[in-house]
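One chain, subunit A, appears in both complexes that follow, with subunit B as partner in the first and subunit C in the second.
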Partner chain A sequence: MRLRLILRRLAFLLMVVWAASTITFFVPRLSNRNPIRERFAELSRTGGFAAADLEVIVASYNKKFGLDKPLLQQYTDYIGSIARFDLGVSLSRFPMTVTQIIYNSLPWTISLLFVSAILSFLIGNLLGAVAAWPRSPGWLRAVATPFIMFTGVPPVLLAIFLLFFLAFKLKLFPLGQAYSTGTAPDWSFRFVLDIMWHQVLPAISMILGSVGGWVLSMRGMGITIQGEDYVNFAEHKGLDGRTIFRNYYLRNALLPQVTGFALALGSLITSGAVVEGLYALPGLGSKLGEAIRANDFMVIYGIVLFITMSVATLMVLVEFLYPFLDPRIKQE
Partner chain B sequence: MTPILQIRDLQVSYYTDLGRATALNRVNLDLNAGEKLGLVGESGSGKSTMALAMMRMIKAPGRIESGSVTVGGVDLISLNDEEMRLARLSRIAYIPQGAMNSLNPVMRIGAQMVDAIKAHVPNMSQADMTEQCMQALESVDLKRNVFQMYAHELSGGMKQRVCIAIGILLKPQVIIADEPTSALDVVTQRQVMETIDRVQKEMGTAVILIGHDMGLMAQFVDKVAVMYAGRLTEVSTVRDMFSKPMHPYAQALIKSLPNLSNKGVFQGIAGLAPSLLRIPNGCAFHPRCPQAMDVCKTTIPDVKEYEGNRLVACHLYTEGA
Partner chain C sequence: MTTLTTTAPPIQPSRLKLFGGYLRRNKSLGYGLGILLFLILFTGIGFFQIKPKNAYPLAVRPKQPPGILDFSAKDWPGKYPMGSDFFGRDMHAVMVTGMWQTALIGVLAGAAGTLIGVILGFTSAYFGGVFDMIIKGICQILTPIPVFMIQIIIASSLDKRDVTIFTMAWIVVMLAWMGPTLVIRSQVLSMKERQFVAVAKLSGVGNGGIIFGEILPNLLPFIAAAFVSQVFGSVFASFYLAIVGLGPLREPLLGNIIWGAQSQGAFFNGWWWWPIWPATAMVLILSSLALINMGLDELANPRVRRTE
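Moving on to the complex of A and B:
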């Protein structure tokens, strides 16, 4: 029974990946732009490159990349190469492969997105739970309020604001980039610290905006849960406040939040992309932005597909995790 | 012998936007070890408030204004919060009304029982705690494997038994059961009541059974206390209460029960229970009382003791009819 469910979920995962890759395949091709021509046009603009036989060169590269074939065949080739986990080469940064680009930028994205997603989930839910708990001290409950204020502000705006005041005006934080210019990447303590220093503002812009959402939903959940009979009975049993809070109240109120977390990851990646761009962090989001500007569809395909697969996989993982959190959900 | 439970002058108010509602008005009650008392009354008469006051679980905007609840020589009202926490379950236990939802859905039954022991006897070994929980489960006719189960795997009756098992875990001197069978079908009701009855006899605990099912009360309790508008109007043995109730409200209540000789005819009590915000002057029952006298409208009747250890608060028997 269990095995069949896993297989069904994996089949669903495949469907999602297929649908996403099909959509990403066709959308960039709706435009007439050709990344190869644009690349050469750019070269001729920037430095005395005679473009007399531009069309010949473009045609020969089109042939090389398979762009001259009928669309349907390009599509089947494309799906076939995805099945072999071959995401192709970048059109604008040839001969770099898409996998290489993803591989190089992934650590930046993971460190920014996951750290801020997990931090805002933890901070937000804890504050929300405390805000709804009638026996928590008043000052602790008040802490949640300013976060709620930031809920409506998009991370992008926060990022611009923080960048302008804290980095540009007050010069408290670096203006951007992943690490200070002039340092060579290595695993020394200083360098890691430098990286973290550069991640502070992007992370704050991501966290500030999303904590409030968790606070609000958790507070709502908490108010419902604290009225439950089992929380009351726990107090009748003479349990101490901390045990009731943790085992009876928080544990139950968190259940729907975990589902929310999986859903939030998807939207986090999009807002993360813009924040990465603003802070010039070489993450997936920045690379995706660059690729869109250069109409480098191989990179667009690769990154979008990768993001879709990661989010879909995380969702399936959360689903498999759920029965361990809530015994009422049995997987059959 | 000294009663195991002594309630003196217990007064509880709720501070609402519309004013102060006196939910419990100078209640006095004694209960001996091994005795079972049924507490009956209409909805809003203060039964549950009394139970919560005894557990000191009255939540804002409610407040215990005055009085004492003495269990085994210790006045619960004068304890500090931490001492009261330790007194819950070990001195005085509460079996909840909504047993259906009284168990944490994400914790195993065993863990919820061990929790309760740990909160009172933190040094007990894991094995001893498990054994004590298993024994409690067995004493309410549940199998030992319930320890490993979750609430959603149990039936309503089983959940109620688990709540009883938790209630008796630390062998308290007083158990309050707040409508423990209201959500169960009659067969299960009877089984659960028999379980409470048997456990109570084995442990010699005093039990307060709250409910409005007079039939159920008649079968299981020794004494019945009738509440009206936050006051105790009459406390008598079951036999006395059913054969010759003294307080007019108790009389009306007994008369309203369906009986075999008068099938199909139902008799209610005229009027409605008063709002606790506007309790009538004098005897709270006088607007609905068929035997009301002038004095009833002005003076609150004192509780007096009558033949057969009966306690009645009514002017009829002091002023003469």
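Moving on to the complex of A and C:
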């Protein structure tokens, strides 16, 4: 039974990836923009070769990228190359492949997103659970309220205000970039510390932006669970509050939150990409912004497809975690 | 929304008083509407104070600090109360025009998305069958795909010169109908099993009569909530698109302003007011919409009230 479930989820994942790559293939071809022509038109404006040669160059490049073949064959070629994880070459940094660009910038994105996603999930759910727990002290419950106020505010806007107050006015933190200018990247302790120092503000803005949502949903969940019979039973049995909180209340309230985590991944990664761009960290988001500025279509499509695929894959992975968290699912 | 609050009591105080009383109980709706009113007043009064031309580049002297903070000046708040940016735009004019444009995108895309959602959700839930399966399938497959990424693809395939406020709205709508479709679909599914629908059917009311006479009036609070959350989503989406540089670059849309400020290194150069005004406005717009949304949720779904 488990195997069938896994196979079904994998088939769904394949469908999602196929849908995403089909959209990234057909939407650009519906428009009249030709990435190669635009790129070379830009080059010819800045000088470098005569404008008359433009058509010849464009035609030869169309041939090289297979853009002169019939549409259906282009499509099958494209799907095939995605299956081999070949996302094409960058137009603005020509010999570099898109996969290489993603590979270089991925560590920055992962470190920021991993830290902020885990921390906001933990902080938010704990605060929400405490806020709904009738026996918790009043001041602890009041802590949750300011976070709820940030619920509707996207992390990018928080990032702007943090930059203004903490970095620009008080000069406590750097104004962006991945590490201090003038230092050379190496693996020394000081340099690693410098990198982490530059990651603090982006991480705080990501965390502040997403904690409120967790607090709200966890508080609602906690209130529902308090009325459940097994919690009442545990109380009448005379179990101490800490045990009830941890084993009866928190554990059961957390389960739906894990589903919520899977659903929130998409918006989390999206916000992460934009926040990265704002702080000029060399992650995927900044590369996406640069590519948009430079009309580097291959990189735009490659990064978009990569992010889409990773979100879908992570969602399915989180679903596979359920049986480990909830023994009831295993028996089905 | 006033009509809903006036149903219960037999002796009617004035509607306004009842509405005020309701707002005192439903705090999030009250605060949300309050912020919205402030924003409307700001843009409304602002229209008479600014020249619309000054919201575009090369209109005024660039890089002027906001005069509203310079209290010692004789002509306070000065010629540029909110300062001017690197490209020579008067920030006050930019904010008034930009907020208006942001609202336009939000309302247009929100209305269109809700309409599509209501129609699709209704037909798929009411008639069921193959159509329902297709709609549900499309929604399920598209859900794990981060909508913003697909919007980037669509927006970057367009020629930058063609992008206007209206194209922005359409880009957002194209991928924003799934949410309301699913909400309306589930509501209609539960509603068509209720007894009053069965009674109507037995008394010989046709499909059209049941949809428009029986189900739709009961759905109105949900549709209103879906509309507000749709406006929120559209403002959010167009802001993200603009902040990565895919907006209509000439227009003083709030996201565009922040994008411009960021590409010119506004904080590095000390022009802090350039990104801060649009960011503040965006925070106000989004939180007012989020608060109204929460309030409407409470109105449409009284069960939420318990969780306070």
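Criterion: the second predicted complex is superposed on the first by the 313 of 332 C-alpha atoms of A that agree within 3 Å, B and C clash if a C-alpha of one lies under 4 Å from a C-alpha of the other, contacts with A are read in each partner's own complex, and residues count from 1 in each chain.
We adopt the following convention: a residue touches a chain if its C-beta (ideal position, glycine included) is under 8 Å from a C-beta of that chain, and two chains touch if they have at least 3 such contacts.
Keep in mind the model is a prediction, meaning the values are calculated, not measured.
Asker: Return fit or clash for subunit B versus subunit C, each positioned on subunit A through the superposition.
Answerer: fit
Asker: Can A:255 be said to touch subunit B (first), subunit C (second), both, or neither?
Answerer: first
Asker: Looking at A:168, would you say it contacts subunit B, subunit C, both, or neither? Reply first, second, both or neither.
Answerer: Second partner only.
Asker: Figure out whether A:294 sits in contact with subunit B (first) or subunit C (second), or with both, or with neither.
Answerer: Touch partners of A:294: none, neither subunit B nor subunit C.
Asker: Determine, under the contact definition given at the top, whether A:215 touches first (subunit B), second (subunit C), both, or neither.
Answerer: A:215: touches no partner chain.
Asker: Looking at A:237, would you say it contacts subunit B, subunit C, both, or neither? Reply first, second, both or neither.
Answerer: first
Asker: Who does A:247 touch here: subunit B (first), subunit C (second), both, or neither?
Answerer: Touch partner of A:247: subunit B, not subunit C.
Asker: Between subunit B and subunit C, which one contacts more residues of subunit A in the superposed model?
Answerer: Tallying touched residues of subunit A, the top partner is C.
Asker: What angle, rounded to a multiple of 10°, is defined by the Cα centres of subunit B, subunit A and subunit C, with the middle one as vertex?
Answerer: 80
Asker: Looking at A:82 after the superposition, I want to know if it touches subunit B, subunit C, both of them or none. Which is it: first, second, both, neither?
Answerer: neither
Asker: How far apart, in whole Å, are the nearest Cα atoms of subunit B and subunit C in the superposition?
Answerer: 17
Asker: Need the overlap of the two footprints on subunit A, from subunit B and from subunit C, as residue ranges.
Answerer: On subunit A, no residue contacts both subunit B in one structure and subunit C in the other.
Asker: Over in the complex, which subunit C residues touch subunit A? Could you list them?
Answerer: For subunit C paired with subunit A, touching residues are 141-150, 152-154, 156-159, 232, 236, 239-240, 243-246, 258, 262-263, 267-268, 272, 275-276, 279, 282-283, 286-287, 289-291, 306-307.
Asker: Quick check: in the complex, which residue numbers of subunit A touch subunit C?
Answerer: Against subunit C, the touching part of subunit A is residues 12, 15-16, 19-20, 23-24, 27-28, 30-33, 149, 151-154, 156-157, 160-161, 163-164, 167-168, 175-176, 219-220, 223-224, 263, 266-267, 269-270, 273-274, 277-278, 288-289, 292-293, 297, 300-301, 304, 307-308, 311-312, 315.
Asker: In the complex of these two chains, what residues of subunit B are touching subunit A?
Answerer: Contact set of subunit B toward subunit A: 55, 57, 85-90, 93-94, 96-98, 100-108, 115-116, 119-120, 150, 152, 163, 166.
Asker: In their complex, what parts of subunit A are in touch with subunit B?
Answerer: On the subunit A side, the touching residues are 228-230, 232-240, 243, 247-248, 251-252, 255, 325-328.
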